[in-house]
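Down below is the structure, laid out as C-alpha cells.
Every chain is named by a letter (A, B and C) in the order it is written, and numbering of its residues begins at 1.
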C-alpha cells in the first residue's frame, strides 16, 4: 500500500456502553478530498474527535505521515499538521477577525510579525481582509464559517478536518465555499476530510466517500457508486426504501 | 503518652466535631441545593455565638435554651438574604457568588467587631466545669450536651428532608432543576427556605459553639474554611457525610493538637482538604459529581 | 504603544491622563508626608492587584490566597537581609523564585486535577493559612514574634538596599505600579498574550489551534506569583517588620483582590482604578469617623464589604468597563484586552 497521509486503523470508541465508533478503517492519500457521511448519530464527529486528539481511541490506531498520533493532545495534533473546524463554529468572539486568524497563524510562525503576514495572506485569500478589524461576534454566519476555515488554514495545516462547514448556508454561499475549498486543494495541495450532510457539496468536492452507520463503516468508494449502494440507502431511508 | 489522655482527647475532639458537623451540614444544604458558595457561613455561625451570648447576658438564658430563638433568627436572616440579595446570583459564575458573600461576610464580621470589640466574650454557666466520669474517660458535660443537641438537630433535619413534602421538594430541586420546574415547584421560595434552613443550622451550631469556646470575630473566617473543608471531605450533598467529616476533622485536629502542637492543629485540616480535592473530590460519602 | 493608547482616548481624557502622570511624578513635592504614604499604599495595591489579575484573567484561576506569595517574597528577601546582609534588590530574586515554585505547585494541583472555581479558591486559602501557621514556628524568620529589619545607611538614599526617605519608597512603588502596567500590556501583545486571550474566549477552539492550554495557564500562574513576591519584598523593606499573622492573613488576600474586582476583572486599568478608588475612600471614612469622635475598628472593612456587594450586583464586570464606554474609548481599541 502506498504511504497514506492519514490512516485510521480499526478505531473503536465506546462511551459507557454505547459503541460510538466500531472498528472503522480508511485512509487518505495526499491531496485527496474525502467525504465522511452517514445519518445523525453515526459516529462521524466522534471519529473526528479521535483523529483530532480530543478523544483517545479505545482500540486501533491513527497514523499521520507515518507515525502514530492516537492519544496525542489536541494541540499536539494541530502542531503535527492537522487542523479541525467545529460543527457549531467557535470564533473568539471578543477578538477581531484579524486577531482570530493571527492566533491560528502563531502555530505556524515563530515571530509575531511573520504570523501577521501569514494571517494577512489567508484573509485576503478568503476575502475577509476588508472585515479584518470587525469583532468576530459581529459577523454573519457565512462569514463566521469562512473565519473558522481561515483560522484553521493559517495554522499551516496539511490536513483539514471540516465538520459540517456547509450547514446553515444558502446555495450561493455553499457554492462559494465549495469553490474556495477546491481552490485550496488544487493550488496548495491541502488534503481535506469533510463531514457533510449537504450532498450537493459532497458530490462537488469529494473524490471518495466513506459512509458510517451506527459507528460502522458500511460503504466506501467513488461518490456516484456510494450513493446508489443499497446499504447506504437503507441507512438513510430505512428498510422499505431498498 | 497515657492512653487515658489520648482517649479523652479523642472523645473531646469527637464531641466538638459533631458540633462542627452540624455547622457544615448547614453549608452542605446551601451549597448542595441552592448551589451558592456561602462564604459567609462561618460569619453566620459567629453571629449566632454572639446572639447566644447577648441572650445569656441580658436574660440569663442558657445557650441550650436559646437554641430555638437564635435558630429562628438565623433562619429569617438567611431566608431574607437569599430571597432579596443572593437569588439573582444562583445562576451567575462562582467567582461572582463568592465575592458577593465575601462582601456579606466582611460586613457581618466587622459589624460584630464594631459592636463587641475584638476581645473574647465568655458565657459562664454553673455546670461549665462539671464532668461525667465514664471509666477512664472524663467528659465535660457542656461538650456532651452540645454534641447531643447537634446530633438531635441533625436527625430532625434528616427526617425533615426524607419525610416532609417540602423536604422532598427541596431534594428534588437539588437533583434536577429543570425537572422540578416542569413539575411546578416554586424555586425562589424553595431556595430561600433552604438557605434559611442552612443558616439556622449555623445558628444552632453557633449557639452550641459558645459552650465550647469564647466568641471572637476572628473565629469567623476559620469557621467558614472549616465548614468548607468538612463539606468537601465528607462529600457534598451528603448529610451523613457532613457529620462524619466533622467528626473526622474534630478528632484529627484534637490528635494533632496533642501530638504536634496546639497551634498547628488546623494544618491537619488543610492537609486533608488538599488530599481530598486531589484524590477523591467527591469526598468520603459523596456520589459521582 | 503610546501612539495606540493616545489614539484610543478622547483628547479630553488624554489631558487628564497626562495631568495624572505629571502629578504622580511630582507628588513628593506637592503633597504632605501623610498623603504620600497613602499614595504609596494605593500604588502598592495597584501593583498587587495587577499581579493577581494575571492569574485570574489569564489562567482563569480564582486565588484568594495571594498573600502567600507576598509573604514568601517578603520573608525570603528579609530573612536573607537580616541574616546575611543580602541587599533588597538582590534578595528579591530568591523571593520571586520561592513564590514561583509555590505558585507552580498550586497551579499544577489545580490544573492537573481539574480543581476549579470555588474548590481551587479554597485550596489557595488553605495554602496561605498553612503558611501563616507554619511561619509562626520558623524561628529563623522570627516566628510569631516577628522579623525585624535593621534600618541601615543612616537614612541616606540607598536603592540597592531599599532604604531611605519616604520619597524613595514612593518612587519605587510608582515604578512597580507603572512597571506592572507596562509589563502586562506588553505581555498581552505578545504571542503568550494572544494565547491567553484565546484560552479565555474558548478553550477547546484554542487547543484546536495548537495552543498548549496547560502550559499557558501555568505561565500565567508563575508570572502572577513572581510579580506578587516582588511586592512582598517592597513591603518588607518599607515597613521594616513582618509578622506571619498579618502577612499571610486571609484579610490581606482579600485586600489584594478588592481593587481588581471593583475596578474591573481582567482589564489592565481595572486594578489601578480600583486601588485609587478604594484606599482614599477608606482613609476618608476613617478621617470622618475620627473627627466625629468615634473609634470604630472595622468600619473601613464594613465599607469594603458594602462596596463589594454593591459593585458585584450593579457592575459585575467592575467600574472600568462601564466607565470606558462613557469616556469614549473607540470600539476597536484593545480588542477586549483593555
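We take it that a contact is a pair of C-beta atoms (placed from the backbone, for glycine too) under 8 Å apart; a residue touches a chain by one contact, two chains touch by 3 or more.
Here the structure is a predicted model, which means the values were calculated and not measured.
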item: Pair of chains with maximal C-beta contact number; value: B-C
item: Most central chain, judged by mean C-alpha position against the global CA mean; value: C
item: Remotest chain, subunit A as reference, centres from CA atoms; value: B
item: Centroid spacing, where centroids are CA-atom means, of subunit A and subunit B in whole angstrom; value: 53
item: Distance from subunit C to subunit B - Cα centre to Cα centre, in angstrom; value: 33
item: Gap in Å, rounded to a whole number, between the CA centres of subunit C and subunit A; value: 44
item: Contacts with two or more other chains, residues of subunit B listed in rising order; value: none
item: Numbers and ranges of subunit C residues touching at least 2 other chains; value: none
item: Subunit C residues touching subunit A - in the complex, by the definition given at the top; value: 189-191, 194-195, 197-198, 201-202, 204-213, 331-332, 335-336
item: Contacting residues of subunit C [partner subunit B, same complex]; value: 56, 62, 64, 109, 113, 115, 117-119, 121-123, 125-127, 129-130, 133-134, 136-137, 250-251, 254, 261, 296-299, 301-302, 304-309, 312-313, 316
item: Interfacial residue positions of subunit B with respect to subunit C in the complex; value: 37, 85, 88, 92, 94-100, 102-111, 113-114, 117-118, 217, 221, 225, 228-229, 232, 261, 263-264, 266-267, 270-271, 273-274, 277-278, 281
item: Contacting residues of subunit A [partner subunit C, same complex]; value: 52, 54, 73-76, 78-79, 83-84, 86, 90-96, 99, 102-104, 106-107, 112, 115, 133, 135, 151-152, 155
